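Structures incoming, each one as structure tokens.
The same chain A turns up in both complexes below, where it pairs with chain B and then with chain C.
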Partner chain A sequence: MSAKRHTRLLLTAAILLGAIYLFPLYWMYATALKSGSEIFAYPPTFIPRGLDFGIFAEVWATRDMGRFLWNSLVIATGSMALVALLGTGCAYVLARYRNVWIDITLFLVLMLQVLPASLMITPIFVGFSALGLLDFPRFAVMLAFTAKAMPFFVILVRATFMSIPAELEEAALVDGNSRIGAFALIALPLARNGILVSAILIFMQAFGEFVYSKSMIQDVTLQPASVGLNGFMGPNTVEWNKIMAYATIYVTPILAAFVLLQQRIVSGLTSGALK
Partner chain B sequence: MLSRRLRNGYPKMKRLLSSVTDGKGFDILLVGLPLLFLLAFSGLPLLYNVLMSFQEVDIFSLGRLIRPFVGLDNYRELFAAPEFWPIMWNTVLFVVCSIAGQFTLGLALALFFDTGFRGSSFLRGLFLVSWVMPGLVVGAIWNWILSGDFGVLNYLLTSTGLISENIFWRSDVDYSLWAVVLANIWLGTSFNMILLSVGLAGIPKDLYEASELDGANVLQRFFTITLPMMRSTIGAVVSLGLIFTLQQFDLFAAITSGGPANSSNVAQYWAWELSFRQYDFAKGATVSTLMIITVMIAAVLYVRSTRHEVRI
Partner chain C sequence: MTNQPQIELLSVNKHYGGFHALKDINVTIPKGSFVALVGPSGCGKSTLLRSLAGLESISGGEIRITGKAVNDTPPRHRDVAMVFQSYALYPHMSVRDNMSYSMRLRKAPRAEIDAAVADVAAILGLGDYLDRKPNALSGGQRQRVAMGRAIIRNPKVFLFDEPLSNLDAALRVHMRKEIRALHDRIGATSVYVTHDQIEAMTMADHVVVLKSGVVEQQGAPLSLYDTPATKFVAGFIGSPAMNFVGGIVADTGRAVTLDLPGAPSLPLARTMEPRRKVDVGLRPEHLSIETGDAPGIETTATSVESTGSVTYLYCGGSPEIVVVLSERERISQGEPVRLTIAPDKIHLFDPETGAALR
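Up next is the complex of A and B:
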């Protein structure tokens, strides 16, 4: 009986902690649903008085959100595909061998992971402009972001491949399969979940990418939603309900995907990041 | 047709082809392509950055590869700039306080959730939303929460009596850096907690039982078992925190833009500002070079602490 009460107490405390921690998120939704005058009420209303869902349609139309989100989607999809295409094989080989060359490669990959985007953008911008790549700005962002995100993907997927016993592939080789066959028919299907979760994480990161897009995409019709949000927040803005409505439209799909895949993302992250 | 010709007529090609499908060539191809990509789009820019920091770069010579060399002039001018040391000090404050906050809160939460009641792993996972949200959205939300006259944080602080008048977080030179630190602590706490949870879960439970029998209390157990057993995890988490904090850019762009009067400016934002606001790419590259060296040192520490993890 007392153990049960103990558990219930812990659960209540946990929910309370979660509620405090996630308050900023709640505040975004609450502010988005308030009217232009209610957001400046003092004391602030913690539950919006009237729910005005029309604001989403209005912000969507006036801020050209369809176009911004489409660009985000293009950049995120392209980056994710490029990262997965290049990174999966690399992770596989790095997981299957243990020698000096592998160690050196792994070290290189780890070192390239840590370079901050806001520092790398200066040489990338100047180099890309010399090469003429800035004429295809979204593609340029994809290339730069892929280089930034691939190491993280390789580390996570490598952990997945390491958890798959190599004996299965060896058996396939004995049965007359080629290396490519063993990789494509045995290892890849078994690592499918880990690859998928890591790819989704890369997609989420690319969907929110800001530095590269802000610096390399001058044409407003090609800019992603993060740059659009930045442009919406002028220094003296008062339209906070609309900005929060923009943020809500932008972030809700990501949050939904995260809540659905939460357990897998967490376990993928924890197995990869520390090993 | 082609493959039969290869098989019969060109023994060299045949060997190469079979090596790619079935031998060493397969491994080399799988690692080689992504490595070439990384070297082209991360490695080369890195070297190019160092090169630019010794050159004179202006908007007209942007498209050229060869530019006049100026030796250490960029570095000299940078060190002499009046904002250089304040910004470096801000960077140190930002990094140290962010990591301290994230780590302490993350560890406290990890210890709490480690008690392992029903639903704990689901609730713990929910905290990670702060980490998957676009940085700019997090910045926008905190910008609004920290608003001077209408911000909800000021309301909570005044109504509980913690402050007597509103703090203008974003426009007061004494508080602007702390506005970003606050948002960054919120952003990073969940990631710290998740990684620390993994470390906690790895401590054998019988160690605690044994010391409980010996009469050690909760605090003693924490300092004699938990902390020592978590040493390598803590090393990894702190160095990862250092790496992530030095990458933080979006929050500055969304909350203070480094202002007012550089009071919340840090090196990684300053480097971008120099290049893309003042079009002084040489100075931008110089700051970047200095910071990249710092980050590299952090990375070596990280790799070393994860090495320990693997060996255990």
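Up next is the complex of A and C:
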């Protein structure tokens, strides 16, 4: 009996914390649908009164959101492809070989994960500027973000590779594979889920990337939606409903994708932990 | 079976950093023979097998397969097939694809692959399972698929790395016979690693006993049992294990006095150096109970286990002496017994080096 009450108590606490955590998200949706005067009403209304869905089309058109989202998509896709391409091989090597150099590399990879983007942007900016990379600002952002996201990807995918018994590749070697053949035909297909899930997470991160884009992309036609949203918010902004509508359009597709893929993402991330 | 050696290991050495895993291994394996590498865990038997497969590189010496040095040959060019302890079946492929993987890699024609798969499946009784994935098979079936993947290659050499250790006891005995029958039918050379001396004794033509990276002794199974070269081999081969008792050769050199209560004396079949300290080895199945008045080891039965076919008798305290009796003896716990052994069945070992004294 007391165990059951205990469970119920914990469940209530979890739901409460979840609600607090998710409240800003709700507030975004709610505010987007409120009228100008309702936003500033006191006490605030928790459920918007007059629902005005026309605001989304209006914001989409006036803020040129199609272009911003396209840029976000380009940067996210490019970053994801770069990370997956370079990171998979790296993760494989870190998973399969064991020596002092591997340990040092692993330590460095973990350390990179600690450095915040806002700290790194100045040296990266100076370096990229010297190399002339800032003439291709979206590519520059992809590169910088790839470096930032790589450790996260490598650590996740390394765990996936470690869960694949090395004997499978040895069997393939004896069966007639070369070392690279065993990697491509045995290890890679078996790690597919882990790689896919990690890549999706990288894509989602890159889609919301702000610091590098804001600093490196001057040309407004090349800026992603995150920078576009930032430009929407002036010092005297009162159009909160429009800003929130913009945010809604920006966030909802990622959110929907996450909810749909949620089960696969969780199982993909934990599969390394199981046998 | 010709006398041409299929595999030659010439002073093979292997170092892992500071650890000397294989020390001067010299083994010659004739074509078509079944060789067992046996020893306790960590003795280097798996390392030796993996070196043969090319999965480990050796630090010194030479490995030859049909006369050709293969030290620097990658596994795929050695023409060996290996069955792993964990089977190492490719989980993302069906049984058919698992077995035909090597053929598909060398781009064999479709018809040839289908024929080979059908052949091997018939030999192993896997015909109904070809389209299943490995995780939908039982342990025994997976074992067969692993065998099939090796057989289909038709290689010069089969390597087995403890292939039966994940099976239950009954299946293990069955597969033991089946693997040996397959070997006899196919006629390729087989090298079989196991920690189970019964498997080694029952399956192999030639047994190599390894301990800490050194070949302790090699030879025909029964010669290892009858004339073990060292105390280690004597204790390792045979089940239950040989009893060892400290002792000293009598003044006459024709008997040995044991370090047991009452200092019993056993006659020897040969003359030894008088007053030499020795370790005396007595196989449980060679000891018997003396009912007459001949001298023997006076002790008491501390525990009696009867399986129906044989009776295990545990006698004395330190060291305990195990006796296996095939007759049904009516002996109860705590009863005094006198044990005797035929003089030519007594093994003597040097207490320092462990070498057999003959």
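Basically, the second predicted complex is superposed on the first by the 244 of 275 C-alpha atoms of A that agree within 3 Å, B and C clash if a C-alpha of one lies under 4 Å from a C-alpha of the other, contacts with A are read in each partner's own complex, and residues count from 1 in each chain.
Quick note on the criterion: a residue touches a chain if its C-beta (ideal position, glycine included) is under 8 Å from a C-beta of that chain, and two chains touch if they have at least 3 such contacts.
Because the structure is a prediction, the values reported are computed rather than measured.
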- Task: With the two complexes overlaid on their shared chain, look at chain A and say whether chain B and chain C clash or fit.
- Result: fit
- Would you check which partner chain A:L260 touches, where first means chain B only, second means chain C only, and both and neither mean what they say? neither
- Query: Between chain B (first) and chain C (second), which does A:I186 come into contact with in this model arrangement: first, second, both, or neither?
  - Reply: second
- Query: Taking the superposition as given, does A:L16 touch the first partner, chain B, the second, chain C, both, or neither?
  - Reply: neither
- Which partner reaches more residues of chain A, chain B or chain C? B
- Message: Which partner chains sit in contact with A:F107 here, chain B, chain C, both or neither? Use first/second/both/neither.
- Response: first
- Item | First (chain B), second (chain C), both or neither touched by A:E167 | second
- Item | Touching partner for A:S178 - first (chain B), second (chain C), both, neither | both
- Tell me which partner A:V220 touches in the superposition: chain B (first), chain C (second), both or neither. neither
- Once the two complexes are aligned on their shared chain, state how close chain B comes to chain C by Cα atoms, in whole Å. 8
- Note on the structure: Footprint intersection on chain A (chain B / chain C) at 178
- Message: Can you tell me which positions in chain B touch chain A when the two form their complex?
- Response: 21-23, 26-27, 29-31, 33-35, 37-38, 40-46, 48-49, 52, 57, 62-65, 109, 112-113, 115, 117-130, 132-138, 140-145, 147, 149-150, 152, 155, 159, 186, 189-190, 194-195, 197-199, 233, 236, 240, 243, 246-247, 249-250, 253-254, 257, 268-269, 271-272, 275-276, 281, 284-285, 287-288, 291-292, 295-296, 298-299, 302-303, 306, 309-310
- Query: In the complex formed with chain B, which residues of chain A make contact?
  - Reply: 7, 10-11, 13-15, 17-18, 21-22, 24-25, 27-28, 31, 39-40, 42-44, 86-87, 89-90, 92-94, 96-97, 105, 107-127, 129-130, 143-144, 146-148, 150-151, 154, 178-180, 183, 201, 204, 207-211, 214-215, 226, 229-230, 233, 235, 240, 243-244, 247, 250-251, 254-255, 258-259, 262-263, 265-266, 269-270, 273-275
- Note: in the complex, chain A contacts chain C through residues 165, 167-168, 170-178, 181, 186, 189-190
- The answer for chain C against chain A in the complex is residues 53-55, 74-76, 80-82, 84-86, 88, 90-92, 101-102, 105-106, 149, 153
